[in-house]
């Protein structure tokens, strides 16, 4: 199976490499991963504004992915930018790490918390969770106050995630955690072992959901995400 | 008060003129209206894809409007494209006709229906209504199956709106109607008189909400819509 | 436009004067305000009991206002006493400051808190908010523990509002505030500037919503609020 | 146990007699029933307006009932007029037939419908059901289009109830019915037997809930329904 | 009226005696109580696992109770094990203390808390409350961390209940309490007097609801709880 | 990876064979499937009663599966009998086809319908969907009125599924379908192609979710599904 991962931010050699590596490490033997980053757009996605700036370019890659006969597309950002629009213009499954993680949280936990990068993005996440219909089991959205591009200071990231995770469990009643950024790579396992509750890594969640949809031969409903009418569009 | 109306579609002389005329006709004496259309983007907005293609250009005009000291911005499309992103990058009130109409429906009716252009856009509207938190009083979203750019066949548009409105009332229990496209200009009054129930025109709703917010000296909360962090963004 | 403001409490010269003054100060040039207080009823409204004692007399003034050709009626109390009954017996728009403020909170904020006078009224407000359908974005209802008739000690009122507002923001996640009594006059602006988030003054909210409805030519749906059947009624 | 039944409409000899008779017939041997009607108020309750006109006089009887050492009060109208206000001014349990019937529907059925007198009252019932928190299991509110004071044409009332009940079951998915007016006396049993699903008679429901609360030694929480602050009130 | 109380745990002489005594003490003069415990099953119910182990044996007693012409069955455990299945196989009312207590909380309070035995059972209770449709007025589920079989240390149980109850009121906004285990016998009244808010004893709640349903001649809807199709079943 | 599939009904050679075959056909190359049926329990599961009769024996197999070092367990019935109890007594992931299908419907559709075997089971499914928190996107639960053990008349089953599916789409607004019984084997693909919308086969859904959870190294949260306290239990 061929999966196109779209990293919806400006090309960043290091991030593209570690992302590709992570997807490959977690993919099934028969799953091939191709990664592409944006030529235009934002350096990272931390607002609705960033999403909107990134979206047209993400959508171009989605069109191309379908033409190139990929089996599925993953938009590699927890905010799922352009997810619904992408589903309109393609038949192949389009997977968002945010939505995929939420669906998994519903089948392993009672109440979940999402650990996001910045307080600023909490309303954005809460709005999406409500739009998706996943509010019923939400305990809280909590932030670690580390911008996306500084997440690689791994020790600080891990320690802060751990501290916020404990508050989510003790104060908010969470029993299941979702890492709130696809840039929080490689920490889920240790966090899960330290806390003793499941920690969902959105990168892996998106990969496994893509594999699942392709395996099952199902994709987004074209009645739910119909093709846009033909018309003049200038980008 | 100076209001910038952004028509989030490719420049269309006729539509820009009638839109400007409608806003001017309904504005208070001390309200000045300026209208601008997109140089790039879609010819009309009938999908999430259209929204995403339009959004970056809408946002540029929002930034400009604040620089030019406008008092408020209206994004003149029922789908409220880029609404939340626009609120992030500005302090002045950003008003969406969709959201404004829904808020008004809540204070004049018990259950409302939205009459949209195409069946294709129903999921998009239902998702936004849920994200906004306005599902509680929703009776139905119904379509008239007339594309945006053919709404000007006024007789057909009126007759089909009337027929669907009656179904909304009789079959879905609606007592209040919202016109589901800012291109359905000039029909609200007659529809309201024929049906005997209130019909909310989103164009006028957006204007009055903008005037209200400016009058009250309130605008979107910057804790709800915080400024995006500074970073490289290439459009 | 002629607006009848009904102050739903026993005549109180000072309160009637400051209320009239506030409405006039915030009205548009072409809006005329008339204020009337009750001859019978409660001295203030701080319970469902007070609402019920006030309601028949409010409703008489509503009937009269429509006869006198007013364009709209405002029931000047945050609890919106007799609001739904008033809409049944009139065609002209009836506006409640509570409901109007909530509708505005939905279009400028992500989560709102209401700052009410007494702990005792919290269940009453929460019940109305749920009945209206505005629970989805509610952060909290908090009280300042100052009875309505003592709100005029402005310094104490302001300081307590500020303290509770900060708790609403820090502890409950509110980003938008609603003053929970129409007697909290003249503090919204300073509170807003001090806190840096929007503060909705229900008095002004009711005025602007009344102006909006009259401007738009819409009013409560008579299918939602039908005329009561004719019958013997003795008051 | 002594129960005060307040019939919240103008004195109507026949209705008072049949109501008293029905309560006595269904009361436990040690339950005594006293019935009182209003000296002022509406001839029947079919709107929010009627409720507001009736409420002050209902509340007077509630105060008296507590003084006279009744053990509980029933406000004998499906719309539960003045219910929450009555609970504020008394310690003894105040029971509303509407609320009591809904609570019972929740423990015997999966989805319930309410059969009300007039289409006009549907929004009023839906609003109260939402305020009470009983929307989750609501199938529909349906009307038989017979005014309260004409319900005594028993054959027509029964036949129309039966016809609407069947629609509630077949079209709306109801499996449990609530009679939507305390004037629909003596039809529940036959309706239940004809339909083969439970039919809740609100008169009996209110009686049994009153007996239950007195037996259990519980009453409305005074934190939920606190005493109104002392103040001048002129009725 | 004859009521069969099924204690859904392994026979325990003391608990069976005090349960019988409590039911008899609170029953009406014409209500006869019979109590039966399980011959196989768990020693107490503190998990979904315990419920499943107990359920087949509970259901056998339900079948027997209907054959023996009992008028109603109470499954004497707050978790309502096998409640819905029991309703499928019987026509006589089946009452669960959990569900009965929740219905009563809805008509005496604004927000309720449930005080359960162990933190471990909180998700189980929250899930059932959501399934029943009683989440709207839920303040919190709190635990006293005393296992069912140690509740008889009455002083410790009372003190811990009191402490958690106070937190429910002060921190969670509860105004009404439900004891979360039918083993918390004989403490409701004192707790209620100490706290000044109503405390619902699930044992008594189940008894009064059973008496109410029998008195009213209503039972679970067989459309909501249809008889299981005939088939081979081996236990 | 080793997956234990528990068929929660009495041993039925044919059904066990086709189930094993279906799981093997859809499993990844490195996934091994073992199937086991019940020695005691019901012949099929079409009621809560059937679930309760099956549950203790299901749970025994769950305990055994963990002892035998299986990586995951699937309880092969759409009603997910004993699912939550099973999660309490095991660390390895326990997957239910019902819950797994619902989670997948949330990420490919806007509104889904479930096509169940009998009208009788509709309340049971609606209750579980609400308990799981998946009501938000539910269009309808519809039945084909074919008992589980007669599903093998494939033509009739397919035709009836197709007819009900069309009603779900046209009348209820569904855009995504879930087959409501794990006995509806081998029809999903053809149904999907005929209808042009995705059809989720619960058998395959459960398999892919089990593979996903094992791949991701996550399992049910033991805070959400804690081990039952030790105590005497006699089955």
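Letters A, B, C, D, E and F mark the chains as written, and numbering starts fresh at 1 in each.
Basically, a contact is a pair of C-beta atoms (placed from the backbone, for glycine too) under 8 Å apart; a residue touches a chain by one contact, two chains touch by 3 or more.
Not measured: the values here are computed from a predicted model.
J.: If you take the chains that touch subunit C and keep only those that also touch subunit F, what is left?
T.: The shared contacts of subunit C and subunit F, listed by label, come to A, B, D, E.
J.: Please work out the Cα centroid separation of subunit A and subunit C, and write it as a whole number of Å.
T.: 43
J.: I'd like to verify one number: the distance from the centre of subunit D to the centre of subunit E, where each centre is the average of its C-alpha atoms, in whole angstrom.
T.: 27
J.: What positions in subunit C touch 2 or more of the other chains?
T.: Where subunit C meets two or more other chains at a single residue, that happens at 110-111, 123, 127, 130, 133, 136, 175, 224-225.
J.: Pull out all the chain pairs that touch, please.
T.: A-B, A-C, A-E, A-F, B-C, B-D, B-F, C-D, C-E, D-E, D-F, E-F
J.: Please output the residues of subunit F touching subunit A within their complex, sorted ascending.
T.: Residue positions touching the partner: 26, 28-30, 93, 95, 99-100, 102-104, 106-111, 132-137, 169, 175-176, 189, 192, 196-201, 204-205, 208-209, 211-213, 215-225.
J.: Using the touch rule from the top, collect the residues of subunit C that touch subunit A in their complex.
T.: By the definition above, subunit C touches subunit A via 110-111, 136, 173, 175.
J.: Taking the complex as given, what residues does subunit C use to touch subunit E?
T.: 122-123, 126-127, 130
J.: Help me check something: in the complex, which residues belonging to subunit D touch subunit C?
T.: 10, 40-44, 46-53, 55-56, 59, 82, 84-85, 88-89, 118-120, 123-124, 127-128, 130-131, 133, 147, 149, 224-226, 228-229, 231-235
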